[in-house]
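A single structure is presented below for examination.
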Amino acid sequence: VEEHADIIQIGARNMQNYSLLRRAGRSRLPVFLKRGMSAGLEDWLLSAEYVLAEGNPHVILCERGIRSFSTHSRFTLDLGVVPAVQGVSHLPVFVDPSHATGHRDRVGAMARAALAAGADGVMLEVHANPERARSDGTQALLPERLASLVRELRALAAVVDRGVETAR
Amino acid sequence: VEEHADIIQIGARNMQNYSLLRRAGRSRLPVFLKRGMSAGLEDWLLSAEYVLAEGNPHVILCERGIRSFSTHSRFTLDLGVVPAVQGVSHLPVFVDPSHATGHRDRVGAMARAALAAGADGVMLEVHANPERARSDGTQALLPERLASLVRELRALAAVVDRGVETAR
Amino acid sequence: VEEHADIIQIGARNMQNYSLLRRAGRSRLPVFLKRGMSAGLEDWLLSAEYVLAEGNPHVILCERGIRSFSTHSRFTLDLGVVPAVQGVSHLPVFVDPSHATGHRDRVGAMARAALAAGADGVMLEVHANPERARSDGTQALLPERLASLVRELRALAAVVDRGVETAR
Amino acid sequence: VEEHADIIQIGARNMQNYSLLRRAGRSRLPVFLKRGMSAGLEDWLLSAEYVLAEGNPHVILCERGIRSFSTHSRFTLDLGVVPAVQGVSHLPVFVDPSHATGHRDRVGAMARAALAAGADGVMLEVHANPERARSDGTQALLPERLASLVRELRALAAVVDRGVETAR
């Protein structure tokens, strides 16, 4: 992966795959570390330490929803963890509203909320033809909705004193 | 309470106190119905039905955090329930970031996030002397912070196309 | 209720209905206090204190399942709370496998497990015609299964050094 | 590991490490698959499928506690999953009361409960000198307690019509 990608993502189910974390820590690529669905704040930061301890300082944390009893969405997006992380760590923290909600129609609301809560960025799933997506089609935005959402986030960012750049 | 108050609040621990709900349904005051800390979306709306069925149409729902394994804050604020409620109900939905976070320093971030997620209002705890509060002092804002937060929320509301009024 | 019943049950949804708890504390009947579905051990014992503080020493605690992400049964029966209660309280602790599982076919297994974990008793739902039950029919035992289960529990009780009496 | 061990254990944090599961599926050793701390019943059985699909039929499931809001023990032991698994799968299911409770003094009660719920076996941690254990010392039984507990489990097994063998 390291030779071809711009960034290494460690998925939620691998947040405590320690050999993988250590290997990513020996890379020079930034590491995007998703929170495990049952990981406490301390568990998550300790997983980041496995990467940092190997000498790679470029870790980005990403909240993507936790398991709770609540079933109205795929996972429960724990936005309160954003200011909690910022109180104890210097690492940037992103939010993934696509996996958390599992519903395309709710992604915009939660992306705006993430930014307003102080998140350093959001990760959004987009697909030109969601019905044909190999997975997670119901949560993928259409390209035109992505464009309008980025405009909304830019307007919001101006108010919460934060810039918005996009990457793909 | 009905003779002296402007609104009846049903606390989270009484969300399924059916005799209380029915009595509030026979009042002409608005009813502020907090979500129980382990209530699913459907449980909550069915509790609202007890009030509505008695003839009182003025029900306001209020998300105040649920119980999860996560311990970085007092409760886990489930902001994803805001668009979920709006997809199935006409009732207004508020958010209480004070009880959810339990930390004064995180109330502003979550109040902004609530508004950005589309909430119709927020409930904020404020105290002129939090150390002397009879309960919940650690989550109470000081009056001057309340004033600055309302200014932030008004600026944010202009962007998310929503007015902000204050009540006490 | 006090004039006609042998025991007062406080249901899970009323575990923190403080005026009800205080009134039960002024009764001479035993109080059967079910654990709220999101109540921690301390919350539960503090609710018992409301009864005890009014002078009624006859409180029986009853675990009936908590809310978790797990959906294979109606609630997650937290049998580990039985030895946890016994380490800090003198109050007897019962278990209700009927509400917890929600499935008639699993009630026997969890009743046996409760007894083996050290519970002082189990509460079992039974109905002569479960299809016609006004609620909770799927979890009700048929009378003949109740009889065979009591025999199983008696045999088990002899091994775990504990008697089994039945009440209706 | 395969060359030196009698059995391959997949820990809870690796329950969804799919490359590891597939490799274990190509082994001839039995695979002891612990339930992830936020895994639903279906997630768990699907992880077992990764092993089975590679041709290794010797999978043993092991419940070891899930994450819930409840803090009286390290994890919430979900014994109700035992009859739930047995209703849909032919695989044997074990229970690990040591990790679930985290307290040596509660291991016996939950081991008995597991057996009474119908578990096919229990996994018990034991240490001759728990204070010096490199990890998890507070949940390790002393050797003499292990011996007495096995006697208790044998007596119990006779009643629930199930044999008890020990392995180390």
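Labels A, B, C and D are assigned to the chains in the order they are written; within every chain, residues are numbered from 1.
We take it that contacts are C-beta pairs under 8 Å (C-beta built on N, C-alpha and C of every residue); 3 or more make two chains touch, one makes a residue touch a chain.
Remember, it's a predicted structure, so these values are computed and weren't measured experimentally.
Engineer: Where the contacts of chain A and chain D overlap, which chains show up?
Structural biologist: Chains that touch both chain A and chain D, as defined above, are B, C.
Engineer: Quick check: how many Å separate the C-alpha centres of chain B and chain D?
Structural biologist: Centre-to-centre distance between chain B and chain D: 42 Å.
Engineer: Round to the nearest whole Å and give the separation of the Cα centres of chain C and chain D.
Structural biologist: About 27 Å separates the centre of chain C from that of chain D.
Engineer: Where in chain A do residues touch at least two different other chains?
Structural biologist: Counting only residues that touch two or more other chains, chain A contributes 38, 66-69, 71.
Engineer: Sort the chain contact graph into one of these: line, ring, star, complete or other.
Structural biologist: Shape = complete; every chain linked to every other.
Engineer: Please output the residues of chain D touching chain A within their complex, sorted ascending.
Structural biologist: 13-14, 16-17, 36-38, 66-67
Engineer: Quick check: in the complex, which residue numbers of chain B touch chain A?
Structural biologist: Spelled out, the residues of chain B in touch with chain A are 38, 40-41, 66-73, 76-84, 87, 100-101, 105-106, 109-110, 112-118, 155-156, 158-160.
Engineer: Can you list the chain D residues touching chain B in their complex?
Structural biologist: Going by the criterion above, the answer is residues 67-69, 71.
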